[in-house]
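Please find the structures below.
Next come two complexes built around chain A: one with chain B, the other with chain C.
Our next item is the complex of A and B:
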């Protein structure tokens, strides 16, 4: 038996599953793919340029923060803090206090909470900084970061190239490959010996975020000790190791808490025909073994947006929600879904499901489609998260709120 | 302005296939040649086509001369640039949407124009091309094939340089100097440095494609040219292995060309005013997809990768003044301005197809030689181009380079297209690529399914140490913006998902929108 069925194992789905299970709900999580955490910098962005409760209350009424009520954000973030810390991931920062971090391109990432190893690189800190890249690792260039930081008026002392030891790799390495090497204490000791001569006088060193996956805190601590400097990490191209660490932590916490995880299955919504079609009765999971139905008294969609398949854009400009085929309203013509600038806001990114105050998708007439269907995260309308810098804040708040509502604890 | 003067016999304006072909032909006849091109090799019309080396079949009824020219040149080009050609073969098929009686008149016109065509069983055509509409009623095999113009242009430029000619990229003609009704020199400006030079020449050839009109205007000449824009779509997979044509009169969306790992849907045709109008309208995309679906009914299930547009310069003499561009003849015209405009020393060449560039060059230099009293004859039909180290049109070439360990480690910058670090370095150091987009034309960087979402950053990191003049961000933002231009018209399905992935990397991981505005 299941009390809550969640579709999607991205950040929103995993976090919601942990919350629900910790409240004692029997929770089933169905996922078609892997979710988006391997694309995440691992930080919790709440909002670039103003994340105070007043700032969030001033957003448009259809913004996900307004729908879910930003007053719940401190509680939701506190829950995240506790869950991540228990799983061994320490986050730094506080709501309303921006952390500014450098990116691999020398841009500036403004965030709210950052994993300890990233937060140590905060630009507010005046400790002289060196950025180092790893020879042969093409996904991170210290020189490029330093040049762009300098142009923005942020002086980083220098860039340095650090050797990679051991057998020459037979293919190009990704962040994940390197992180697995850093998990090995003997290899790390050797590496520290090879790095040391190039790091004379360096007090704080930023490197690509590859310093271990399973044994991440030990990897950093032991390197800091051997190199006698402060280390911090800078996320770079996917798969991003800080995102993978968070994914691993949430998955393990969810499984330990008793969440039933069904992977590789695409969910198709089931509507209960008995009561005038006012309720959903679960989903059918389509997987390699054939279709199988999973009944549930409540369903939470955490399927993501256009990137992850929760929303599908058609050639004719229509957008479909992919589990229950809920209508997504928007201007229509395909040409209106995009804008010219690759780095500006994109209209399609704001499309998605509109919800009532209890996190239920709304029909055009203004009432919820179904009494017991809820949604959270990237599938919601109203925010271009990439531009606003709101992605994880929305995920956390809406997951937190949707779980409350779905389990009948939230007030209307 | 105290501009330095250099002098030459022949000044060729425009570095597309036509201009480079002209320069090459002239060099082989012993003429002293300078060619100026305002952009990079392949940045204009020659680099913006569908990759089809015509058999001539498309034009047998509408434009027989062009059909015959294509047919004979097809045979010659297979001989002289075999490395740039993939011999895919071609099909003309009658779908239920095509006029059923067209095929009979078409096949007899093929015979009249010398275009080789042979009818085959429908079953056989469907075996060759399993995705093809099973309701086709007739099928004909022709000699179409695919021709990589980026490689072709590199070889031509190398051949010109090897035989003593000069190719000056990123140089634009600003003005002509006339003396007693004769063009005697041109003033050209280096687009990057802004420095001007004067080139004295015995003859000037205007082969600037869509820009030929404005070049001629500099000499006070009005060229009878109509500009016609064509848009194309590359599908992300190679849906066909043969060039597949609709057997009907030329119309929008009548061909699918296999090019390397993709299949290109071509082409629309409508008149524009601006030679740089590379915009792509939603209706063009929808028409190409709809027409493509007639040939391949499952087309909509496949991912569209990228759209682009090119501008053709078609010859439109006064007698054709009221014809729409689609109906204008494709055959080329060599205009001797001494005869038509009383302006000595200048020839313009307009119209034609990429498939006929060599023939156009031969005719142009025949006229030049006649005027200069040079009796040499053209040798381009006999001279094999290359061999050249650069052959990037085929994935196997790049794969074998990688497999044989020639590429060092780390080796691959762009997983989609197997563009290597060494390849990019060569394009910057040897080919003087000045932007990542220039390198793209050399090594196919960022042309695959992810459209530079990953390799854009890697390539941007490589450029600054090699070229001190490159922007602080290594050209990252310009390159990504250019990639978006060709993806935006196809913003649906997986194509939109893929863009959103790249956007998240750019904005959320790299913070590209937080860099200072001016990066030069």
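Our next item is the complex of A and C:
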């Protein structure tokens, strides 16, 4: 028995599942794989260059923030704060106040909320900073980061290389591998002993974000104490450890709250197909043996955009919504999907579903495609989230609003 | 022959989500991770050239990588095939030839059960087996039953599907696998009793080993022989409208998925059989919930830690046992935080892999220590035997708890 069926377990799907379960809804989450949450930096970007309610109300009417109503953003972020803190992940920051953090390359990332360990590295902080890399971990160079920060006028005392202890690894280590080592208290103690001689006079040390996964708070606290300095983390190449921590926290919270998780099952269509009339009866998903039906009185699509599988580009230039083949906005010809510059705004990024005010995908004629089908997150049209710096803010607000609407609580 | 899973390597974005989920790469740097040995190395593998790298042998075949891949890359399938090919080229050891054949061992062991069981728990003999063959002395080996399920339940054995008669309940063909046949016939008997209590008429169709242990040890030709024989034997039952229900999640995965995706079997009979196979709890949640709700479930006031086997998760049906067990009054269920218990079929039995396998299970064993459950529950026999030995907590099939709640002796 299910009250709400959610498709996709990226940030939007996981957050929506936790919200729904906490409201007492029997929730099923179907996912083809794990979503893109661990590929992000683990921060909550709301909007670069202005995230006040007035700024967001000034966005175009078809922007996801406008569709979901930015007035709901403080509530949605508060819900996120509570859920993450309960799972042991403290987020710092507030709506309307920019947090400026350094990236692995020494660039500047402006965000709204950041995990405590990242927020401790805010560039506004005047404590003298040293950046350290870890010998044998090839994905992070402190020297490069310091050089690029200096170019942007941000003074860092120096870079330092910190040793790994134990036998030399027999393959390249990923951030996740290092984080698992940092979970071990004995290993940490020995490591701190090896690091200490290289950190004379250092007051604040930034290191790649690898300071523990399951035991992250203990890892960072015990290292700070032994090294007698303040530590902060800088996110690395994906999958990032802050992203993995958040993903793990949301998944565990969802399971504990009773969410039924069907992992590895690709949703392929409606139980009734288009013959179902004005309502969806549920979703059909593949399993190892054959298709299985998951009936539900309401369905929330959280499958992501072009990069995440919710939208698929066909060879004939058509962009399709991957589960129900819902109508998708389109710029015209295939050649118009991308822009000249790789780093500029991409037209394909703004493609997706148009929704009504109750978060339901629209048909070509303008009414809701189905009365009980809702959508949230990257599958929505109207925003180039990477360029705007709005990715997680849209996920949080639209998930929050869509769960309210799907459970019949939101007002129109 | 189909093009196989190899071409799905082209769907890989190198995002490494699979590597960060891989339980083996997390505990040993001998394994470069599923992406590296799978989609990344696949392009260097050629049927007539030597294999480029041996590290794929550390893959346990647990299946986590395929399940978490957001882009549809058949990572596990690529790796299990590559691992099999590597083993075939390098020669398959006597040990692997033996542990791949539970049916052969079972037929022999049941005949000499008291002697065989005494021999297999003798520490000196276990030490000798480790030195001579490489079977880890720490690995649990199941005791042989003194009689087989098919002999004990001869009235249920059916060579051909009986004509479906009305009023006798829904006919169901039960795939017992080697563990219920030779080692734990009481699990098979509970499966039959539970299904009968839910209004089914259960028959035991002709069947052999599912072939999965052979496949895991690179003996693909022998695995295919079993696979073809099982498909031929089961198909008439499927054609007569009977679902094939199993309580061993690895056997049912082989029938549903591995025959086609890894062994490369093709044809309508294979896919029709695959589509008719259900895990026993999947079958109950799909078709028998009304019957179950009508029955009174007795209270079981204990705390149980549920660990879904990797092979069950590869069914992509969630964890149906949880949905049923939740109905038992006063039962406190805790969900396992571990991706895998470590044993992965026969992987943990091998002395060179045993430490890695124990380390993989460490998250589960630690959790068991932290929450001190009265019981651990897991749907696969190899996981149960392994978990009970290494967590030191009595470990049951969820069917055993359901049977207790249904007052089945």
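The working rule: the second predicted complex is superposed on the first by the 406 of 412 C-alpha atoms of A that agree within 3 Å, B and C clash if a C-alpha of one lies under 4 Å from a C-alpha of the other, contacts with A are read in each partner's own complex, and residues count from 1 in each chain.
As a convention for this text, a contact is a pair of C-beta atoms (placed from the backbone, for glycine too) under 8 Å apart; a residue touches a chain by one contact, two chains touch by 3 or more.
Given the structure is predicted, the values throughout are model-derived calculations rather than measurements.
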item	value
Clash or fit, chain B versus chain C on superposed chain A	fit
Contacts of A:2 with chain B and chain C, given as first, second, both or neither	neither
First, second, both or neither for A:161, with chain B first and chain C second	neither
Chain A residues touched by each partner, larger count belonging to chain B or chain C	B
Partner chain in contact with A:391 - chain B first, chain C second, else both or neither	first
Partner chain in contact with A:363 - chain B first, chain C second, else both or neither	neither
Partner chain in contact with A:289 - chain B first, chain C second, else both or neither	second
Contacts of A:52 with chain B and chain C, given as first, second, both or neither	neither
Touched partner set for A:39, first chain B, second chain C, both or neither	both
Which of chain B and chain C A:261 touches, first, second, both or neither	second
First (chain B), second (chain C), both or neither touched by A:320	neither
Least Cα gap, in Å, left between chain B and chain C after the two complexes are fitted on chain A	5
Residues on chain A lying within both footprints (that of chain B and that of chain C)	39, 169, 173, 238, 308-309
Chain B-facing residues of chain A, complex	39-41, 45, 103-109, 136-139, 141, 143-144, 147-148, 151-152, 168-169, 172-173, 235-238, 240, 305-309, 312-315, 317, 333-335, 337-338, 340-344, 346, 348-349, 386-387, 389, 391
Complex interface listing, chain C residues touching chain A	15-17, 19-21, 25-26, 29-30, 32-33, 36, 66-72, 253, 256-257, 274-275, 277-278, 286, 313-319, 322-323, 335, 337
Chain B residues touching chain A - in the complex, by the definition given at the top	282, 286, 289, 300, 409-413, 421, 454, 457-458, 460-461, 464-465, 472-474, 476-477, 480-481, 483-484, 488, 491-493, 496-497, 500-501, 503-516, 519
Interface residues, chain A side, partner chain C - complex	28, 32-36, 38-39, 169-171, 173-174, 176-177, 180, 238-239, 244, 252, 255-256, 260-266, 285-290, 292, 308-309
